[in-house]
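Read from first to last, the chains carry the letters A, B, C and D; within each, the first residue is number 1.
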Amino acid sequence: MTQIDFILLLRIINLKIMNLMDKYLEIRNYSIDICKPLKTEDYIPQPAFFGSPPKWNLGHTTWFFEEMILKKYVKSYKVFHPKYSFLFNSYYNTIGERVARDGRGDLSRPTVDEVYEYRKYVDSEMSKLLSAIEPTEELLFLVELGLNHEQQHQELFFSDLKYAFSINPLLPAYSNKAFCETPAGNDGWIEISEGTYPIGYSGNDFSYDNETPVHQVFLKEFQISRKLVSNGEFIEFIESGGYENDKYWHDDAWIWLKKEKISKPMYWHKVDGSWHQYTLAGLKKISPNNALCHISYYEAFAFAQFKNLRLPTEFEWEAAADQFNWGDRWEWTESAYLPYPGYQKAEGAVGEYNGKFMVNQKVLRGASVTTSPNHSRKTYRNFFHPQMGWQFNGIRLAK
Amino acid sequence: MTQIDFILLLRIINLKIMNLMDKYLEIRNYSIDICKPLKTEDYIPQPAFFGSPPKWNLGHTTWFFEEMILKKYVKSYKVFHPKYSFLFNSYYNTIGERVARDGRGDLSRPTVDEVYEYRKYVDSEMSKLLSAIEPTEELLFLVELGLNHEQQHQELFFSDLKYAFSINPLLPAYSNKAFCETPAGNDGWIEISEGTYPIGYSGNDFSYDNETPVHQVFLKEFQISRKLVSNGEFIEFIESGGYENDKYWHDDAWIWLKKEKISKPMYWHKVDGSWHQYTLAGLKKISPNNALCHISYYEAFAFAQFKNLRLPTEFEWEAAADQFNWGDRWEWTESAYLPYPGYQKAEGAVGEYNGKFMVNQKVLRGASVTTSPNHSRKTYRNFFHPQMGWQFNGIRLAK
Amino acid sequence: MTQIDFILLLRIINLKIMNLMDKYLEIRNYSIDICKPLKTEDYIPQPAFFGSPPKWNLGHTTWFFEEMILKKYVKSYKVFHPKYSFLFNSYYNTIGERVARDGRGDLSRPTVDEVYEYRKYVDSEMSKLLSAIEPTEELLFLVELGLNHEQQHQELFFSDLKYAFSINPLLPAYSNKAFCETPAGNDGWIEISEGTYPIGYSGNDFSYDNETPVHQVFLKEFQISRKLVSNGEFIEFIESGGYENDKYWHDDAWIWLKKEKISKPMYWHKVDGSWHQYTLAGLKKISPNNALCHISYYEAFAFAQFKNLRLPTEFEWEAAADQFNWGDRWEWTESAYLPYPGYQKAEGAVGEYNGKFMVNQKVLRGASVTTSPNHSRKTYRNFFHPQMGWQFNGIRLAK
Amino acid sequence: MTQIDFILLLRIINLKIMNLMDKYLEIRNYSIDICKPLKTEDYIPQPAFFGSPPKWNLGHTTWFFEEMILKKYVKSYKVFHPKYSFLFNSYYNTIGERVARDGRGDLSRPTVDEVYEYRKYVDSEMSKLLSAIEPTEELLFLVELGLNHEQQHQELFFSDLKYAFSINPLLPAYSNKAFCETPAGNDGWIEISEGTYPIGYSGNDFSYDNETPVHQVFLKEFQISRKLVSNGEFIEFIESGGYENDKYWHDDAWIWLKKEKISKPMYWHKVDGSWHQYTLAGLKKISPNNALCHISYYEAFAFAQFKNLRLPTEFEWEAAADQFNWGDRWEWTESAYLPYPGYQKAEGAVGEYNGKFMVNQKVLRGASVTTSPNHSRKTYRNFFHPQMGWQFNGIRLAK
């Protein structure tokens, strides 16, 4: 390498670091921005095992950088607090930790201020690290992973907070914005012809391991709806007895529905004879033309049966995604969450990120009104157990 | 009535009201004083169904005055908030409320500040009420009841907070005072001769309905220990295999012990081979000569069996209470919590105070280090289900 | 001792043994007699943890004689089957055994015939033993205990079988006799004057340790009803909303009632607008004048509250028992099941018989239509947890 | 149609009916044959929700013909018993029925003899029906479906009985044949080249709707093992700590394993230091060279991870199935149980057969030592929830 080359290379790396630090701070600060409307008390409760308190989210996303990067890359790194590794770790798989997973809302300490101090400390250490050394590919990847991880928790922040507020008889509002009043869109079917389509991520930017490797999938001709299912359409399903007719439902769905006494979508309430829903702006009357939200896979499937239609597979969705608008609702697909052919799980803790969830879950495609900026692409695979509806999920039909 | 008589009567009533207001404020302010060491976050979590968060305690004791007194005695009383009656009510017996009973820690709102505002408002209204009218017997009784109720919750504040802190891996301290380091006392047995003894409250001050009517109970000769059982004695029980030997235990106790995997008293931990306990001053080494604390009835009974002794009945305890020191530990008795002969439950919501708990519970006598000032007397009957050990309970043996 | 004396003594002992063998065979055969209407299939299921299958009852009562007597008194006794000690033991307190307690209906083997073989073998060995040796006091006591134990299981046979048949949609009948169609009796109150009454067993025949020692109890004047509560009276309670009004119920009762969705007595069904009950003779229309049956303590207490009356204590019941008819319904009392003053638990396994149940249970007095002949006396103390109603329980009121 | 044609057609139909009746009786009688070693008692218990008692299986398979065929095709058909439709129905989806699903072992009646009478009655009516009328395509299909349904329950008979016997401390034997002592086979990998393969059933005989429509699937090159995983290989997994290392397990699997305390395959016991397994011939020492049996998908996946290999997809399995021996173990695949492209659920109750289970389950391919004669083909898709191991399941690896 000539000296010129070397200087050029340094410049490129610097530029990359500069950009990375900008991006790092932008994403890290966004986590703080979205917490601004909160009272100290709002950071604490965890009313359901599937959600986490804002305080824990702020600590956990910070722990990721400390645990995965600072401990490895900064010699004689001094952890902010010796117990935080245990408190903010969601990975370590013991019975003890499982209890903790349901018990994040039982812990008043550390205080909210202490968690913000923790964030400051880690951000400062990260900044020092990224300025001091020539970053390896691995380090750059881990920073990217940490930031994408944080964006996922930013999204969860909205759904978890909504749930926590929704069970409070005072029905508090987070903002003036309801976050789920998107129009369903216009009617119409998009036809996709039979053929082999490339599926999976093939670009140079960040993607999760579960989006790779890119591979060919053969699809028969199909049609996919231009619009999302609207609230009004779902009201028809309810009012024609959809929740009482087992022929629309999977066997497991029916057991769930009976056990949990489900007869309407999450957050829906009938007030004085008309349908309302709890939103992040408080209780609001439902608009029939808006896109349905907070629907479980079980309900999405039952609704499709009711319409004599079906959900698309994730492959169909991806093949057609350039031809319709998406990004307001995570959209349930009929596909089970499975590895792509040739998928390789990463070594170590990073490998726990995706692979170990590849059973019993369904794939969602798209993004939602609460997805962080620059955190969506058409190859992104989200996944949840089929009864989960607390995300901003919707339905797009196929045939 | 002559005019003089009338003036005298007014003076007496005023004095009574003055004293009452002093007492009212003293007790109400004590609830706030004991919360001073708390962070805002500490007011929120409820890690176990049997405890309540400090915020809820502060609201609930205030609700009592609003619901039982202000709504009845103040014409056109304006409630502080229309939903607080639901939020801070522990009585209303519906399935909904039952869920709420376990879910008090799930509610971030109202904020702590709002609850303090609520207290101010109710205290001010109570002050106006008591200055404005000539209080009836009933009103005086209800105020007394409300204050005694608040003192019970002050005591619960300590045990609930201790539990909430104890499950936090950070093991926070509430104060410098451990609150359970009382010496067990000196050996020796007090002999009480056979005879008939008066049991129950017969004075003119406040007592609960469950302490009445006073009645005669015939007791055979018995002996009761001068001292409480010490930590050291209980360590002997543990180390001789007491928790593994079913012959000491009730059948229900053994089922509980196996299911909950109980092998030591609540809050005890073996650290580096020596016994420690979590206290309100943090984790501390156990002193063998101090009185045992946080013991369930099941454990108290098993320990007595191990010593070939027994627990006293509540009648024996009361008959002998003038001859030993008590007041540091609630002391388990062998007596089931039952109505005294001729007991009459009060009408209305007040009648729910005691009578409806008179099944499946065991009587405790005495008081504890966390009992509020002026809230103990030898006829006082506390009661809990036999597996509950989170109060500052201890053991005194009899034979 | 003169020779005459000696001969006389031998005669007395022989007579005692003769009588004992007669009694032994009579009681043992009665267990078989009451099984005669059963099909082989009826011996197997255990639809609730609180009941046992007939096959298990037959094995368990036999195991008692093998385990407590034959193994100790017969040198080189050969057990019938090495695993039966484990299979038919209800005492051994381990988690494993607890599972077995709920799982007695999961075992098809040993077959019913094999269990009858087991009975024959043990009866034959018992017969040899009692003819061969001069029985000690202890042996005589153990035989008596074994027979009384068997009589208790004969009674349980009826309530357990009734429960097992009641949940079968075919509603099979055991016999032509319904076993719960006793008239409630005539109105009227018996007055008992204030005074000290002897309580407990003082005779020379067999009694359980929990009936002793006899002791004096001081009772205030009270009245006890001549009659049992009738079905008709309880229908009034139901129809006036008794199951929906929490003021009649204990707090624990209300939780139970809501959780289990209790709104009528066990075995009651409303068919075409009129109340029926499942009986051992099948489904029958309820007669308003007959004594109420299969009632839990919780319901008995709530009913007494509804009538502004109360349940008697077990001491009141015993003091008045000579003045009313009893024996058709186990009658709930207000008394908790506790040891009498001076009660001593027997050593060893026999000591597990009663003492370890003395918590969380309520005393019943009397006997029932299914009690074995010669197995009732007025000092007999039965006991169950307060929610249990599958025994032939009824209510007698006091005031 | 000429008269000759007509006569020929009648002959063909008769032949078809003759064959069908032969087949009907052969399959129906096989259900009775496999019950011959049972005692009456063995027909009753249901120790786990996932299994059914032999009595219920015999009744349920008979109910299928009564409900789906006789009631529709025989005018004025008289049901054998009006309640059997409720008792032996597994389809009707209400909470009540769900309870019954767990409670089949709680019912002693109808007796075993009565169920055999029921079979005779239905067989006789079926014989009359099939002789009397010219069978439609639909009727022929329903008879075929009923017979295939019965064969499925014949297979379940073995796995359910094995489970019921396995929890009995007497460890009874069903036969001299262990039913799970098949050699694992010889080492070696079969290579399958990249290409498009037809998947699904395309013949003229009976198949289930879930095997259709036949469709093309593109597969990349892969290798599949000639042999099944052996007991010896799985012992290596256990002894190298496989059950304690979360990196091999799915997240849901790890929760299951911790909750259920799983540390070895179902039916395995370590006796005096060497591995044994309960078989239908009693407890037997495990032979390392035999094929592993009774493994859940979770364990199969973890084992594959341990070997750095993977499970085949169901498409890979089907494409390669002609090149290896199969039929002794149901073989877990990585495929989720989903509809084939273009799958159409049948109308009515028959449509509940397969489609409603297409969520949360994994596909197994092959057949097992307990599969009924003539009830296997390479396109057959079996499916179970991933934790289920009570079938005779095994593992074949791929890479």
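Keep in mind that, in the parts below, a contact is a pair of C-beta atoms (placed from the backbone, for glycine too) under 8 Å apart; a residue touches a chain by one contact, two chains touch by 3 or more.
No experiment lies behind these values; they were computed from the predicted model shown.
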| item | value |
| --- | --- |
| Partner chains that chain A and chain B have in common | none |
| Most remote chain, CA-based centroid, reference being chain B | D |
| Rounded Å distance, chain B centre to chain D centre (Cα mean) | 59 |
| Between chain D and chain A, distance of the C-alpha-averaged centres to the nearest whole Å | 38 |
| Shared interface positions of chain A, touching two or more other chains | none |
| Touching pairs - complete list by chain label | A-B, A-D, B-C, C-D |
| List of chain A residues in touch with chain B within their complex | 39-47, 55, 83, 86-87, 103, 105-112, 164-165, 167-170, 172 |
| Chain A contact footprint on chain D (complex, rising order) | 93-95, 98, 196, 215-218, 220, 246-247, 249-255, 258, 297-298, 301, 334-336, 338-339, 341-342, 351-352, 356-360, 362, 386 |
